[in-house]
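Here the chain labels run A, B, C and D in written order, and each chain numbers its own residues starting at 1.
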Amino acid sequence: MKLYEYLAKGILRQAGVPTAPGEVVDTPEQARAAAERIGPAAVKAQVLVGGRGKAGGIRFGNTPAEVEAAARAILGMDLKGYRVERLYVEGRLDIAQELYVSISTDRGARRPLVMASAKGGVEIEEVADEDIVRRHLDVEVGAWPYVGREVARSVGLEGAQAAAFADIVTRLYDVYRRYDAELVEINPLVVAPDGRLVAADARLNVDDAAAFRHPDLPVVEEGTELERRVRAIGLAYVELDGDIAVMANGAGMAMATLDAIQHYGGRPANFLDAGGGASVEPTAQALEVLVSMHPKVIFINIFGGITRCDDVARALLQVRASRGIPVPVVVRLVGTNEEEGVRLLREAGIEAFRDMGPAAEKAVALAGGRS
Amino acid sequence: MKLYEYLAKGILRQAGVPTAPGEVVDTPEQARAAAERIGPAAVKAQVLVGGRGKAGGIRFGNTPAEVEAAARAILGMDLKGYRVERLYVEGRLDIAQELYVSISTDRGARRPLVMASAKGGVEIEEVADEDIVRRHLDVEVGAWPYVGREVARSVGLEGAQAAAFADIVTRLYDVYRRYDAELVEINPLVVAPDGRLVAADARLNVDDAAAFRHPDLPVVEEGTELERRVRAIGLAYVELDGDIAVMANGAGMAMATLDAIQHYGGRPANFLDAGGGASVEPTAQALEVLVSMHPKVIFINIFGGITRCDDVARALLQVRASRGIPVPVVVRLVGTNEEEGVRLLREAGIEAFRDMGPAAEKAVALAGGRS
Amino acid sequence: MAILVGSETRVVVQGITGNQGSFHTAQMLAYGTRVVAGTSPSRVGGREHGVPIFATVREAVEKEGANASVVFVPARFATDAALEAIDAGVGVLVLVPEHMPVQDTMAVLAFARRRGVTVVGPNTFGVLSTEGRCKMGIPPNHIYRPGPVGLVARSGTLSYEIAASLSAAGLGQTTAVGIGGDPVAGLTFVDVLERFEADPETRAVVMVGEIGGTAEEVAAEFIHRMTKPVVAYLAGRAAPPGKRMGHAGAIIERGRGTLESKRRALTEAGARVAEMPWEVAGLVREALGARAG
Amino acid sequence: MAILVGSETRVVVQGITGNQGSFHTAQMLAYGTRVVAGTSPSRVGGREHGVPIFATVREAVEKEGANASVVFVPARFATDAALEAIDAGVGVLVLVPEHMPVQDTMAVLAFARRRGVTVVGPNTFGVLSTEGRCKMGIPPNHIYRPGPVGLVARSGTLSYEIAASLSAAGLGQTTAVGIGGDPVAGLTFVDVLERFEADPETRAVVMVGEIGGTAEEVAAEFIHRMTKPVVAYLAGRAAPPGKRMGHAGAIIERGRGTLESKRRALTEAGARVAEMPWEVAGLVREALGARAG
C-alpha cells in the first residue's frame, strides 16, 4: 500500500523529520488560501506515480494568484493514467544540494537496507551505482545514531549536517518499523543554503500483509476500479490490455497461463489467481468477474492439487446457468477429482483439455489468432 | 526508583492488564466518597515497603462508613519507618486462587526473567523454589504470547485462563521494556471465582539510570530526608545508625571503610562515596554534609588514584575555615599528590595516616571505643 | 536420500485443529509422514486424526520428540507460532501461511539463524521427500514419484504441474521444496541448490522461478559451479512492471526482477531454460542423457 | 603474558575530546598504550594528544587498525557508542560510563555475544596489563608492577588500594580487570578467572567482590576446579539490606547478595578470604608459598 506524499510527509513530520510547511487542497481556491499562509509554494499533484515533475505534475508560484493558477493547471490532469484530484501546497525550499536517503527491505539480504546518495533529486534507479551508499541493518539491533553517522560520512557530510542526517536516518527507521514499511524514502532531501536538511519529497509504502496492525492508516486504493472490486472479494487480480480473460489456481500457474497465451500469440486480458484450494463459491465469483469484462474468450486453467476439479466444473456451470456466458470458454482441467469434473462439463457440452499448451493454443485461436 | 502501588497499577491498566477499580485518596472523607463509587473496598497504605498487610497497612470495609474508618486507622501510621500519607481505595476482589507473576532482570543470566507461581499472595522469597517457574527471555526476541502460554502451562493453568495469563505476561513485558523496569510484579494475581484474572497488587521498580528517558514518571523520593538532600547534590549516600561519619572515594572503598570501622568495634553513621575523581568543590560539599550530621568523629579515607590528595586536603581546610568542624577528624591520605596533601594538613595541625587500618582504629577510639 | 526432511523427521503441526491444519494433517499422515503431535489452544489433551494435541510446541518436543514443525495458524498468529517453534528447539520449520508481515519474517529469520533452524517459507507449499515419505505442507500426495530429480520452486500449483509432468515422463523426484512466494523467505534457491548438489540421489535439478527480486540471478552464480544439470522455468513473462502478480514477491520494481534478467543469468550459468512448463520434462531427460553420455 | 589486552592491542578512544576522554587518553599513552585513534563529533580530522580523530569507529578500524575500544562518552550516549564499536568489528570493548540503563546493557551484550566481542563493564575502571603495557580505562598508572598476580574486581578505588598494597609487598600483577559495579556486566568473575587460570604468567588470583547479586557465588563454583590459588576480599559487611551502596549493583535484595553467602561459598571453594583489604597481600604471599612448597 502506497501512501500519498502528503500522508507520508505527515508521518515523517510526526516522527521528527524536518519538512516544509504544507497543506492538502482539493480546489484552486483552497490552494490560493494555503499560499496566503505559506508564501511562495510548490503545487504538487497527489498521485502515486514517480516522475511527477517531468510530467508536469509539479508547478511553482510566488504569489497566491500564481499558486492558484498552478493548481488550476494541474487539477484534473492525467498523470500516467491517474487523474489528479488533490494537491499538496508546500512552502518553496531554497536548494543548495539535493541528497537521497531511504530505508527499504532488501529481499536478498533479508535485512533492512539504508541507501543514500549525494546525488538526489532524480529517481534512484538513474543514479550510478558508485554514487549510492548501501548499508544493511541488523534487525535485532536496528538503526542507532551511529549508523546514520557512518552513512553521513560515506556521502560526504560533516559536522552539524552529518549529525542532522544521522538523526533523520534514525527517525526514518522508526517510521519503517512502526508502519511496517516496505520503503520509506526522502528524495530529494534538500540541503538549504543555511545548511539545514529538509525532506522535500517523501514516499512511504506499507506492507499490505501488515495492514491489520495499522487500522488508522488511510487506505489508498491502488489500481483500476475493476482491480479494486476484484481484490475486495479477496482475489489477486491485475488488469491487462488483451482480450482473453484468464483464471488459474495459484499465482505461479496464473502467470504461466498468461505466458502460454502470449507464447501462442494471444493477448491476456487479466491476471487472476483463484486460489490454490478454492471451493465452488469463490471460484464462481471469480468467473463472474471474467464474464463482466466482456472478453472474446475465457480460459480456465486448473491443475487440481488441493483445488478439486469437480468444484471448478460446478462453479462454471453455476455461473452459466445463473447469468449466462456469452463468449467461448476453454477449460483445462486435471488433477484431484478430474474424472468427475470432466464428466460434469462434458454433460454440459464443454470438452475439457488435459494439457495446458493445446488449451492455450485453442483459446488464442478462438480469440482471433495472433494479434 | 520504586513506584507506589497506585502508580504501578495505573501503568499496568493502561498496558491492558486487568485491575480492580481504584482511587487514590489522602483523607478518610475522600476514602468514604471513593467507597460510595466503588462499593466494598480494600484500603491500602501507599508506602514503599513489602508486607503491608501483616503490618496492618491494609484493611477492608464493606460500607462507605467502614472504609472511612479503615482509612482513619491507617493514615498517619508508621509502617516500617514510613509514615502513611496516602491510601489506595480499591474494589474488593473475590478470590478463588492467588498466583504470582513478575518480570525482572536476572543479573547472572543477563536476561529478563519471568517468574510465576501458583502459590501467590506471599512474598516470593517465602515460596519454595520448586513452586516457582523461571523462564528467561531473549532480549532480541522479547516476550511473544507463546512464552506466556508456556509459563501458564507450567503453573498449571488451562484454557481461557492460560490464554489470559499469557496475555498478561506479554503486557508485563511491554511495561518492563517501556518503563526500563528492574522489576514489574503482580502479587497476587487473583483468580476470581468466575475465572477472570485480576492484578490485586503490583510493584514497578524503574532503573534509576534510565530515568532520563521517563521525564513524565512521577519521581518517588526514597530514603530519609538527609539521604534525599545528599543525593540531590549528586553523591551516593546512605544513612546508617552509628556515630562515625565516613567519607571515601569510590563505592568499594566506601564500603570497605565502613567494614574497617565495624572491624574495630565502631559504628559508621553513613555511607558516602565522594566519587572516584572528585575535585575540591564536591569534596567540600560532601564534608559539609558530614559535619551537619553531628557525629562524634569524621573519618576520611582516600586512596588517590584519579582523586588528588591535595584537593582533598584543600577541601577539608576550606570547610574548617568557613564553618568550623567541631569534632575530631581522622584522615587517611595516600596516592596522587600525597606529599602536598599531607604537608597542607600538617601545616594545619592534622596528621594524616598512611594506612587504612590504623586510621580506622584511631577513629573508633576517638568515638569512644567499642560500642 | 533426500534433503531437508526424511524418515527421521518427527513433525508437530501448529494449528492442528483448524480447517487447513486438520485437513492437511490427514493428508500428511496419508502420505506417510510421522506427524507426532499438534498444537492448538483448544482441545488440549485430545487427539486429531489420532495425533495428540498439546498447548505448546515445547511439550510436543519434550513428550513426542518432535524435531520439525509445520505452521497452519492464520497469518497474524504465525510470527508467534514460528518464534515458539524455534525457541522450542525444532530443526526445520515450514511456514505455510500467506500474508505474514515481511518485518515479522525478518525477525523470525534472525532468531532462526541464531538457533540454527532451517526455515522454509513463509507462503510456501512446503517440502516433500519421496524417500522416507515425509511431507510437511500442502502439495497433493499423488503427483510425486521417487526418482532422480530435485525440484525447487517459488510457486505451489505451478510446481505441481511440473512435478506431475515429470512423473508422467518417468522422471521421479528426490525432494520437492517450495521456497515460497514472499519477498523475504527462509530458504533461498541457493540454499536448496547447495543441498541438491550435495545429495547423492539427486541427479538433476528443476528450478521454477518467477519475476521479482534477484533470487534467480543469485542462484545463477551458484549454478555456474554446480556439477549437476539444472533445468529452469520462469513464470511472468507477460507481467507488466509495478504490478504484483498474486505472490507478494512477484513484482517488477524499479527495474529489478524482470524475467529477461533472470533468463539471461541462468542461461549464461549453463542452465537449460524452458520456454513453457511442458518443455521441462524433455529438457531434464536431455540433460540426464547428456550427462550420462 | 597477560589477559584481554597486551602489546598487540590498538585502542580507539570513543569520546576522545571530552574532559574524561582527553585526560585519560594522555594517561593511557603515558602508560604505554597504543592509542591509535579517537572519535568525536567535533574536531574530526584533527588530533588529541597526537592521536588522530575520526567521526566513526569504523574509520578508526579501517584506517588505523584499531581492534579495541574504550568508551568515555556520557552514559546516555554510551549505548550507541557501544553498538557502534561492536558493529565496526573491535574485539574488546571497555565501557567506562556509570549509569548506563541496564536494559541497554543487555541489548549491547546480546549484540556483542553474536559478534564475538568481549565487553568489559559498564561502570568499570577498565583493564590494565603490565606486560605489553596496555591500559584501557582509568586506573592510576603508578600503582601497578609486573608480577604473578591476576587481579579482578568490581570496584575501582578499592582495587587500587589492594593493587598498591600488593605492589608494595613485592607482588606485581599480570593484569588488573574491572568487571564493573553495575548489576549486569559483560565480563563476569568467572570469565576473568577462566582467563587467569589459562594464563601461564598468572600464578595467583586476587578477587575483590562486594555485596549484591550472586556473581561471587557463581565464581566459587569455578574456583573449586581451579589449580591456581585465589585470595578474595569482599566489601559491604556493614551494609544494611535494601540500600544501594554507591554501585548500582551493590544491594542486598530479597535475601540475595549478602556478604555472608559469598564468604561461605568462596571459603568452601578453597579461596582464602581476607577480613580486611590490608590482609590480602599476606594471604597471597602465603598462597604462593604454599603452592611452591
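The criterion applied here is as follows: contacts are C-beta pairs under 8 Å (C-beta built on N, C-alpha and C of every residue); 3 or more make two chains touch, one makes a residue touch a chain.
Just so we're clear, the structure is a prediction, and the values are computed from it rather than from any experiment.
**Student:** Of all chains present, which has the mean Cα position farthest from that of chain D?
**Tutor:** A
**Student:** Looking only at C-beta pairs that count as contacts, which pair of chains has more of them, B-C or B-D?
**Tutor:** B-D
**Student:** Distance between chain A and chain B based on Cα centroids, please, to the nearest Å.
**Tutor:** Each chain's C-alpha centroid was found; their separation is 55 Å.
**Student:** What whole-Å value do you get for the distance between chain B and chain D if each is reduced to the mean of its CA atoms?
**Tutor:** The computed centroid separation for chain B versus chain D comes out at 27 Å.
**Student:** Any idea how many Å lie between the Cα centroids of chain C and chain D?
**Tutor:** 49
**Student:** Residue numbers in chain B touching 2 or more other chains?
**Tutor:** Counting only residues that touch two or more other chains, chain B contributes 138, 140.
**Student:** Would you pick out the residues of chain C that each touch at least 2 other chains?
**Tutor:** Correct list: 107, 110, 114.
**Student:** Using the touch definition from the top, list the residues of chain D that touch chain A in their complex.
**Tutor:** Where chain D meets chain A, its residues are 41-42, 44, 55-59, 79-81, 83-84, 87, 107, 110-111, 114.
**Student:** What residues on chain C touch chain A, complex-wise?
**Tutor:** 75-76, 99-107, 109-110, 125, 138-140, 142-143, 153-161, 164, 181, 183-185, 188, 208, 210-211, 213-215, 218, 233, 235-240, 243-250, 254-255, 275-278
**Student:** Considering the complex alone, what residue numbers of chain B touch chain D?
**Tutor:** Result: residues 105, 107-108, 110-112, 123-125, 138-140, 177, 180, 182, 207-210, 212-213, 236, 238, 240, 248-256, 258-263, 268, 271, 273, 276-277, 303-307, 334-336, 355-357 of chain B touch chain D.
**Student:** Touching residues of chain B toward chain C in the complex: what are they?
**Tutor:** Of all residues in chain B, those touching chain C are 138, 140-141, 144-147, 149-150, 152-153, 158-159, 162-163.
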